[in-house]
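Below, chain A partners chain B and then partners chain C, in two separate complexes.
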Partner chain A sequence: MNDDTILEVKDLHIKLKSDGVEFPIVEGVSFELKAGKVLALVGESGCGKSVTSASILRLLPRELDITSGQIQFRPPGSDKVVNIVDLPKEGKGIRHVRGNQIAMIFQEPMSSFSPLHTIGNQVSEVVRLHLKVSKKEARARTVKMLDKVGISDPDRAFDQYPYEFSGGMRQRAMIAKALSCNPSVLIADEPTTALDVTIQAQVLDLMRELRREMGMAIVFITHDLGVVAQIADDVAIMYMGRIVEQGPVREIFANPRHPYTVNLLRAVPRLGNLRDRQKLTPIQGSVPSLFDRPTGCTFHPRCSAYIKGTCEASVPPMVNISEHHSVRCFSPEATAPVATASEVAT
Partner chain B sequence: MLRILLKRFGFMVLTLAAVSVVAFVLIQLPPGDFADAYANKKQATGGPISLEEMVELRERLGLNRPWSVQYFDWISKIVLHGDFGYSWGWKRPVADVIAERMPFTLILAFSTLFFMYAIAIPIGIYSAVRQYSISDYVVSVVGYIGLATPNFLLALILMYLGQKYFGQSVGGLFSPEFQDVDWSWARAKDLIGHLWVPIIVLGTSGTAYLIRTLRASVLDELNKMYVVAARAGGLSPTQLLLKYPVRIALNPIVATLGWRISAIISGAPIVGVVMSLPDTGPLFLQALLDQDMALAGAMVLIFAALTIVGTFISDILLVMLDPRISLES
Partner chain C sequence: MTSPDTTIPTTKEQRNKRRPEMASQWQLMWWKFKKHYLAMVGVIALSVLVFLAVFAGIISPDVPKARNNAYLSGPPMGIHFLDAQGDFHLRPFVYARTTKRDPVTLRKIAVVDTDTHWPIEFFVRGGSYKFWGLFKTDIHLFGASGGFIHLFGTDSLGRDVFARTLYATRVSLSIGLVGVTLAFVIGAMMGGIAGYFGGVADNVIMRLIEFIRSIPTLPLWLALSAALPRDWSSFQVYLAITLILALVGWTHLARTVRSKLLALREEDFTLAAKLSGCSNSRIILRHLLPSFMSYMIVDVTIAFPEILLAETSLSFLGLGLREPVESWGVLLFAAQNVRTLAHTPWLLIPGLFVVIAVLAFNFIGDGARDAADPYSK
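And then the complex of A and B:
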């Protein structure tokens, strides 16, 4: 593990167990997160991005299991690297990481708070749990944090209930809760998906600002390439449980090599397209069922560059194209820019 | 808040008044009256009474008047003088007859209630957390049997088993030697020794119902997003379970407190008769059979009051538990 890497996922496999049969959900995902950087995990629904992110905090539901691989984490201010996969389930070790060193925010701000407890009670819970402070101090800290995420009259908000908050305010409170112990990694599982566009932009701005101020690294899960262009440094494109292409955002957007990435970028609406009255190009076919997984490269039934006899025979290896850019394809596309990051970010 | 409480209290009084009318009419509804019942009884014991005597009896008890007059006569005495009238069957004031037996009914009802919640809450939580485990299945099967078995049958089975295998007389609330003596430590111990059988009989179906309800609502809550979110904050499984899912799953349990009380009380008479308990159950049944109006009416009123108060208490508790609920508007 490099010195500036704080989280490294290595060859992670996660399987779904159902009636004694196992279905692969995540197959050999590897990525590195550098201190203070934002990595976006991008993919369609069901590609395993949320499962991957939940496994970092060992929050997988009962029927999902990590079958092999490592999740290496370097706690802040420590040289010792912890393999999160080895920590006992629900033990002290993982609980010390959760909310304290690695925090998480979720997609549904409406349902991420208990309706019967005050916002303050739930936000300050992590502070009381991980930092040895008095009740009064925990309240002061939480009020400060609520103020920081832009909740007006935070002292009053502390004693309010979630039903008195709007969706955007709840997501702000969620962010306050996640950041109140100053974690070195924040996992954001589609934090803006359930919000309307204006609030989405505000929350993204807030996250960018807080990252600059507090310096945490972020794993940002999304299906929205526009959001990726706005917030991420690096991006990993996932398809059916595998990362198919990975690299810095600028590089991937300017020079996508995997046919899936190329198609994804073509499917993003852009102002220029509208002017030229070009139609958006959808990706042909749809994601195969989990229980009917194609052999070899799982994208081959939908791929325009499909090579008969090769693509369905074996899984292509991850190949480095340049120092930071790698792709998992037997016939990567030639360099043909589809879009630039700034274009997609509109 | 005080205004709302007063308003609620007003509604409670109105409900009680309505119940008293309905109860009075219902008790009068079967053909015949106290005089007929009295004559039948006399006949059965060999001492027939004459028609004149019956007419005289009706006159004396005021049974000839229209029922509305009888009702107002009865209810105004209760409201204005706290006088529940005179039991024709027992030839004693109703208040005395009830006072003698009411404590046992209350002891029985509240210990059953306590027993139900004390057993059902931990078991319900446990079987939700260990869903589909062997113990969950065992609890479910026992629960369904408990739900499906009528009270009186369970009473008969327990009495039979108690008699046959423990040689204990499980009927009644006291052993013969403690039947009519003054209260003492030994008598209280004897009461506790006898109390468990009617408690089980009265409480089993309610306990089973509570277990099912609690299991379902905890299971519902366990899969909610906020539970995962709280877990992601670092709470231990027990802290998490008690702070969120259980707390929220208590709502339906608390909300039905009033119904539980009335279920226990309305189940009590049959059990009381089968097990010959010295509580108000057999008294109530006899009063209805004899058309002993004052006694039966007073008991219906007391039972209704208990139910209404129970519902009121559960409403108040709900408001305290759930900030989204308010008694206003």
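And then the complex of A and C:
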């Protein structure tokens, strides 16, 4: 683990056990999260991105199991690396990590708050659990945090109930809750999906601002490439439980290599294209069922660069095409090394 | 975004002032409950019973163990304002009783002497008792000067049925209360584990509940209480009986709790609590149980008469509490045979208290159920 790496997932395998049969959900996902950076996990529904993020906090449902791999986490200000996979699922160790060092916000701001308790009660709970502070101090801290995430009249908001909050406000409160213990990693599982576009932009701005201010690293899970472009430093594209392409956002958006990434970018609506009456190009076919996984490269039935006899035979390895950019494909076109500036000149 | 001069009101009053328009959930429930006529009757009846039980020592004219040899198996004595001549007396009185032997049966019987009045006096001295177990006193709320007063008559040993009933109310209600509390704790715990964790724990607990419920209750109580050692003190028996009743009574509540938790554990706020680093017990107790506390309270109100009746039946059969402890069941135990019923029907008065208490609880439970349901009209 490098010194500036704060979270490293190594060859993570997660399987679904159903009636004694095991189905792979996540197959050999590896990524590194550097301190203060934003990594976006992108993929279609069901590609395993949420499962991967949930496994980092050991919040997988009963049926899902981490079968192999490592999740290494370096708590801030310590040189000791914790392998989260080794921690007992319900123990004190993982509870100390949850909310305190790694926090999470998720998709449904409407139902993430218990309707019975005040917003303040729920937001300040993290503080009361992890930092040994008095009730009064917890309140002051929470009010400050609510103010920070842009809730007007935070002191009043503290005593309000969730039903008095709009969706955007609840997501802000959720962010306040997640960040109130100053975690070093924030996992954001589609935090803006349930919000309308203007609120979405506001929440993204807020997250960017808070990251600058508090310096935490973010794992940002989304299927919205527009959001990725706005917030992420690095991006990992997932398809059926595997990362198929990984690298800095600019590089991948400028020079996508994996046929899936290429098609994904082509499927993003652009205002300019609509004016010219261009139609969107969808990706052929649909994601195969979990229980009917294609052999070899799982994308081959839908792939435009499909090589008969190769793609279905084995899983392509991850190939580095530049220092940070890697892709998992057999096609020689996809894995051709990136021409560096000097090479282009000659 | 940060406004540096945000003032933080710290006192609770300041915060409460801001939400005067809000009625809390309990307030709404109370408003609805008040409209339920029968439930309010139940509340009043129960309050009276509780009052009598709490102040049993001072209200009863004598201690329950005192024997009045001059008035064995005596019928209830009525309080009068008008005497036989039709004259009004401001101070209520009872007629004097004299004992004579019945010439036919040779039994001692009490005869009403309408010429002599025993006026009722307040705060008289009588048998000494410990007030709430704190200090010894012999003050009683009322008594008859010059003689005795037995509002509900006496039993074959000459003990005052009124005093015994009041003391029995104390024991019976407290058994119900302790039993229900125990059942509540066990039920919430078992139901909580079953519903929240599911899987094997759920299976085991649910099968256990089905097993317990499939055993006919009366024989089960009988077997359990028959197993109590005979040489236990009455207090030990009292504790054991409550425990037995609770062990049988928790199943219903556990089922309610489980079914609610099964739904709630899938809620996003449960996940949110989990990823704040809450322990499972904290999630169950602090996040999930409060959301259906009202239902649980209703369940408890409905479970109360069950336990009350169970205690009464057990004691009536001679397997629950035993003399010298007074409970409604123990008092009714004396009224088991036809001869007693024919000659001293007033021994059945404690039964009336049982009926009143059970009805009151049922009415309250009814009203509470309606009040707790936000959709009922």
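FYI, the second predicted complex is superposed on the first by the 330 of 346 C-alpha atoms of A that agree within 3 Å, B and C clash if a C-alpha of one lies under 4 Å from a C-alpha of the other, contacts with A are read in each partner's own complex, and residues count from 1 in each chain.
Following the convention adopted for this analysis, a residue touches a chain if its C-beta (ideal position, glycine included) is under 8 Å from a C-beta of that chain, and two chains touch if they have at least 3 such contacts.
Being a predicted model, the structure only gives us computed values, none of them experimental.
Asker: Based on the superposition on chain A, does the combination of chain B and chain C result in a clash or a fit?
Answerer: Clash.
Asker: Report for A:22: first if it touches chain B alone, second if chain C alone, otherwise both or neither.
Answerer: The answer is neither, since A:22 touches no partner chain.
Asker: With the two complexes superposed on chain A, say which partner A:205 touches: chain B (first), chain C (second), both, or neither.
Answerer: neither
Asker: So, A:148: does it touch chain B (first), chain C (second), both, or neither?
Answerer: Second partner only, chain C.
Asker: Is A:108 touching anything from chain B or chain C once the two structures are fitted on A? First, second, both or neither.
Answerer: The answer is both, since A:108 touches chain B and chain C.
Asker: For the overlaid complexes, name the partner, chain B or chain C, with more touching residues on chain A.
Answerer: Counting residues of chain A touched by each partner, the higher count goes to C.
Asker: A:100 contacts which: chain B (first), chain C (second), both, neither?
Answerer: both
Asker: May I ask you to decide whether A:163 touches chain B, chain C, both, or neither, giving the answer as first, second, both or neither?
Answerer: First partner only, chain B.
Asker: So, does A:4 touch the first partner chain B, the second partner chain C, both, or neither?
Answerer: After superposing on A, A:4 lies clear of both chain B and chain C.
Asker: Which partner chains sit in contact with A:136 here, chain B, chain C, both or neither? Use first/second/both/neither.
Answerer: After superposition on chain A, A:136 lies in contact with chain C alone.
Asker: What stretch of chain C clashes with chain B when the complexes are fitted on chain A: 2-10, 20-28 or 110-118?
Answerer: Of the candidate stretches of chain C, chain B runs into 20-28.
Asker: Please report the chain A residues shared by its interface with chain B and its interface with chain C.
Answerer: 57, 59, 90, 95-100, 103-104, 106, 108, 111-117, 122, 125-126, 129-130, 174, 177
Asker: Which residues of chain C touch chain A once you look at their complex with the stated criterion?
Answerer: 1-3, 6-10, 15, 18-19, 198-199, 267-269, 271-280, 287, 290-291
Asker: Which residues of chain B touch chain A in the complex?
Answerer: 224-226, 228-237, 243-244, 247-248, 321-324
Asker: Using the touch definition from the top, list the residues of chain A that touch chain B in their complex.
Answerer: 57, 59, 90, 95-100, 103-104, 106, 108, 111-118, 122, 125-126, 129-130, 161, 163, 174, 177
Asker: State the interface residues of chain A toward chain C in the complex, per the touch definition above.
Answerer: Residues 57, 59, 62, 90, 95-100, 103-104, 106, 108, 111-117, 122, 125-126, 129-130, 136, 139-140, 143, 147-148, 150, 154-156, 159, 174, 177.
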